[in-house]
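Structures incoming, each one as structure tokens.
In the two complexes below, chain A is the common chain; its partner is chain B in one and chain C in the other.
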Partner chain A sequence: MSATATVAATAGSAADRPAGGGLVVALLLPIALVNLVGFLLPVFNLALISLQEVQASGAMTGGWSTAKWVSVVTDDFYWELLWNTIRTSLGITLATLLVSYPIALYLHRSSGLWRSVLLVMVISPLLLSAVVRTYGWIAILSDQGVVNSVLKAFGAAEPWRLMFNLTGVTIGLTEILMPYMILALVAGFGRLDPRAEEAAATLGASPFRVFRRIVLPLSVPGIALGSLLTFVLAVSSFITPKLLGGGRVFLLATEVYDQAIVTLDWPLAATLSMIVLVVFGIAIAVYGRLVRSIG
Partner chain B sequence: MDKPPISPALKCLAAIAFLFLLAPVLIVVPLSFSGDVFMSFPPKSWSGRWYAAILQNPKMLEAFLFSVKLAAGVTVVNLAIAVPASYALVRLAPRGAEAMTSLFTAPLLLPTIVLGLAMLIIFARIGLLATVPGLFVAHLVVTLPYVLRVISTALSTLPIAVEEAAATLGAAPATVFRRVTLPMMLPGLVAAGALSFLVSFDEVVLSLFMSGPRLSTLPVEMYHHVESRADPLVAAISVLLVVFTLAIVIVVDRSLGLAKTFVK
Partner chain C sequence: MDRRHFAKTVLAFACGLAAVPASAAETVTLMAYTGLFQDRYTQAVLAPFEKANPDIKVVFAPQPTSGAMIGQLRAQKAAPQVDVVIMDVSVAKAGTDEGLFVKLEAKDLPVIDELYPNARIPEIAGVAVTFDNLVLIYNTEAWPTAPKSIADMATPAVKGKVVIPGIPDIQGMSLVAILDKKNGGPGVEGKFAKGIEAMEAIAPNVQTWEPKPEVYAPVIAGQASIGVGWNARAQVNTDTSGGKMKAVIPAEGTAFQINTINLVQGAPQSAAARKFIAYALSAEAQKSFTETMFYAPTNAKAQIAPAAIDRTVVKSLDKVVPIDWLAVAKVRDQVAEAWRRKVIPLSR
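Entry: the complex of A and B
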């Protein structure tokens, strides 16, 4: 609360400024309070929790310790978890890019009402719960699902295992993260000058050559932004991995949830969530370097 | 505007990609009319029994009503907080306005799983877990950044000349805001309100952390149902939710243009 008090105090001294500092503070106070109580304090507290001493019984002693960090860093299970998470998320990012690119390019080239309709079709899934979309994937991928009943109709004896494994999680998350990638790519295409493509085509380049030499290189910033978004969202999603993985797919985010809700080991959950943030930080740093190298 | 022609190959690829994108939403429609006890596709028989089953499921109905009330309450409070804040940040433009905007929208950058855990730990300590205020604050924190951003954008694109004209003609600042600024930013308010309602209504990660056996939202109840049982009940609920979402999206699109809210 002392932060608010300081803000209020500065406001008092600034009240006689012509810009109306008191008014500004009064208008911003509610949002600042929500931010403080619901965001800053909990996140700060979370970082501290990962450094809290815990007894064997699970009770927190109030002392400090790096024991959780040491035990996580020295346990091969968590390294494998981290590697699994990064590998899976990179795979999802690549798959998302590959299926999103044609849609984004198509959107970029279309216009008028048709384009608006398609854009709404791209955006609408974002407004639909991940639970609903994951449920749809269960209906498609399960043993009695769409894919397997088609395979059965063609005489397959055994159902194809598409769920409760990484395949299902990858397919589901790829689709769920597509809108973010498409929007980032479309925004990136916005800077593409149609005259450059036209010029290349007039000078005799084949459509594929125009794509490879002009469209693709110029869309790299959009690809980079979309990939960053997709990657960090893949690392932190857990609804889809939980439901499509059926408890058999272990990723960083699902482990955070399990430790927090099932095992109730909050210091461990806090430590793992800090590792999620470290992965985020590294991804953003890589993105920043990439963008700078493009110029 | 001259655009390069779309090649048949691109059309084909885009159509396949669109099919993939919409597949999970499209599949729940026929599935919701299944007459089977378990989820299988194609269904062996057809019926409306799963729609009837929703009405006989008090847990789902209760969760739905709570989700609607929560989303509506969150939206009202969001607008009440974000309109003054946007006005201060955009129109009064105090020193550090940009830094403050970043801070206020920062909860969006944090993974919800981390935010959910952070709230779980602190809310458990002050006894707000699985309570209405706890869920309310959690939803407020993740929806407020969207609302602030949409309203700030709406406000900053308004022609300031009209407001200046009103002020020059002698209207007090409060009158200018009430009679000129507010009516002009109405489309932005509608979009922000709809977005806030939908994000809160669909929110599942924070709600999972903050809810308990006695108090949960519709997405949380659906999550638990899908986790434990494979029947077409959730398909029927999903179809109703798709219709519900679509209705809101169309209303917003009519009043503002949804595409403009997301893509500049």
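Entry: the complex of A and C
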């Protein structure tokens, strides 16, 4: 038996054997500890804060209360806030998917140096902070910005209100979340085999039919992953809605910020944060179900 | 080098290291606002204090808001890293209630007797270190003649050109309180309903309720033409923008914003921190900071240069609408709800 074959046989037999319980624990322990200290304990602490009593001044002087949970559940405003957040984030996710899909598909089909150049172009916006990119959008979308200047040159009497409203938030977040969507789509395009497309075309399918029957179904895993990532990031972003929303767009994340930093109502901020976590949980559950259903 | 000699050398070196902290400067950590405040306070108060007290170094720990400061203090409650905090009075009330601060009293800090009576607030552990007030700010190109009144923000000429930091920001709350008083509202008892009603005329003209990074930038740039802000920052921005933006106290009145200086409970450098607080409240430091950043002084003995005092609220005290921020906190949620339901929808 050659040396290579011996190594292969040894590796094969090791892989076939179930790993020892001790080794599994040892390998899982570091990440479990990191998660415990960095995620579970803070979340537990957040849940505790949501049950603390708070004075009008914002002081938390001990004592427990379910008042914030009761007010969140019974006040229409917070239901509207939740609905607004989900609706807006779904809209942004859809917009991001629509503009990212063709880019991701092109990227998937490109090769060599051109593919590397394209990948760098996709990733490079992530090197800039979202704050800077949002200010960039302010320069583009404001009344005296690039878009309105062009419209004015074409004879528009009044500037279009492109920011300080939901339109601005949607435009800004869509662009900011595009790299995440594109990278997730490209990662999920693994099953997309060009030979299947060629076979369909050979058998007489039109390009649109090839796209609808072959490309789109095979890219569902990428679409699901990208949509989950984008939705979660859209629900939790607060800087862009703060800067581009003009105080008119009420979302869970911006309300958490206002309650924690401006109004100093930490228990209410913690309660809303727990609700954001529930929304994430539901999104991940829906994603899991979708992935299982497509095998 | 034999072993004994080596041991002696190491011991001497260790003793030398141990002696360094005793002879080095004590470090007082001051937490206060970032940006303009940090620059001007360092220049006007910290630098002269350190010059007069070479054994004390003051480190400025900047935070964007009072809310962020109290977050830090809560996190450090078991082992504070900060000695002195300058923060808004309403947040200082929360800190006081939570036992985060030591009560400052005149018997320990005689300078407190030199302060104006309204700088000593019984419910707060600290005392007022600056008074600021709400002003109308305007772009001087758009307004060759200065606007006079809050009502000027309701005229059709400024549609889409008004910037107001809205509720929950206290600038928006101050504006509502001033309008409430002007329209005969009872204030806290009436949950500022008359003020909210008056805002309904202004709301359709508002470009943004969240001017960032601050309200002054869009007015200087001409993206907005009128708004409300705080006097001190407005005055500095008037100077730094070469007069592109100016500020005026509106005819309806103005309202105070009070920053308090507080000694942190369990402060690592308590004695030096008290020395710094005494200096920050002294007539000398108050004069210096007012002349640098146009906050009104809280020390009654501060002799401010006339050019600076004219740019503070000191000569317009009759226009100040008294607001009890601690009472406002109790109806804040209801006012915020009325704001969201009645004012914001009109500005869409």
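Keep this in mind: the second predicted complex is superposed on the first by the 248 of 295 C-alpha atoms of A that agree within 3 Å, B and C clash if a C-alpha of one lies under 4 Å from a C-alpha of the other, contacts with A are read in each partner's own complex, and residues count from 1 in each chain.
One rule holds for everything that comes next: a contact is a pair of C-beta atoms (placed from the backbone, for glycine too) under 8 Å apart; a residue touches a chain by one contact, two chains touch by 3 or more.
On a predicted model such as this, the values are computed, not experimentally measured, just so you know.
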Message: Should chain B and chain C be called a clash or a fit once both complexes are overlaid on chain A?
response: clash
Query: After lining up the shared chain so the two structures overlap, which partner does A:Gln144 touch, if you call chain B first and chain C second: first, second, both or neither?
result: both
Field: Partner chain(s) touched by A:Arg133 [first = chain B, second = chain C, both, neither]
entry: first
Query: Touch check for A:Tyr78: first (chain B), second (chain C), both, or neither?
result: neither
Query: Is A:Asn165 touching the first partner chain B, the second partner chain C, both, or neither of them?
result: second
- request: Would you check which partner chain A:Leu41 touches, where first means chain B only, second means chain C only, and both and neither mean what they say?
  value: first
Query: If you stack the two complexes on chain A, which partner ends up touching A:Tyr180: first (chain B), second (chain C), both, or neither?
result: neither
Query: More chain A residues touched by chain B or by chain C?
result: B
- request: Look at A:Phe250 in the shared chain and tell me whether it touches chain B only, chain C only, both, or neither; answer first, second, both or neither.
  value: second
Field: Partner chain(s) touched by A:Ser273 [first = chain B, second = chain C, both, neither]
entry: first
- request: Figure out whether A:Ala260 sits in contact with chain B (first) or chain C (second), or with both, or with neither.
  value: both
Field: Shared chain A surface residues [contacts with chain B and with chain C]
entry: 142, 144, 242-243, 260-261
Statement: chain A residues touching chain C in their complex are 55-61, 77, 142-144, 159, 161, 164-165, 242-243, 245-248, 250, 258, 260-264
Message: Could you list, by residue number, the parts of chain A that touch chain B in their complex?
response: 19-21, 23-24, 26-28, 30-32, 34-35, 37-39, 41-43, 45-46, 49, 99-100, 102-103, 105-106, 108-111, 116, 118-125, 127-140, 142, 144-146, 149, 172, 175, 178-179, 183, 186-187, 194, 197-198, 201, 207, 210, 232, 235-239, 242-243, 253, 256-257, 260-261, 266, 269-270, 273, 276-277, 280
- prompt: In their complex, what parts of chain C are in touch with chain A?
  reply: 65, 67-68, 70-71, 90-91, 93-98, 160, 166, 168-169, 207-210, 212, 222-223, 326, 329-330, 332, 336-337, 340, 344, 347-348
- line: chain B contacts chain A in the complex at 1-7, 10-11, 13-14, 16-18, 20-28, 31, 38-42, 80-82, 84-85, 87-89, 92, 94, 100, 103-104, 106-107, 110-115, 117-123, 137-138, 140-141, 144, 148, 198, 202, 204-205, 208-209, 219, 222-223, 226-227, 230, 234-235, 238, 241-242, 245-246, 248-249, 253, 257-259, 262-264
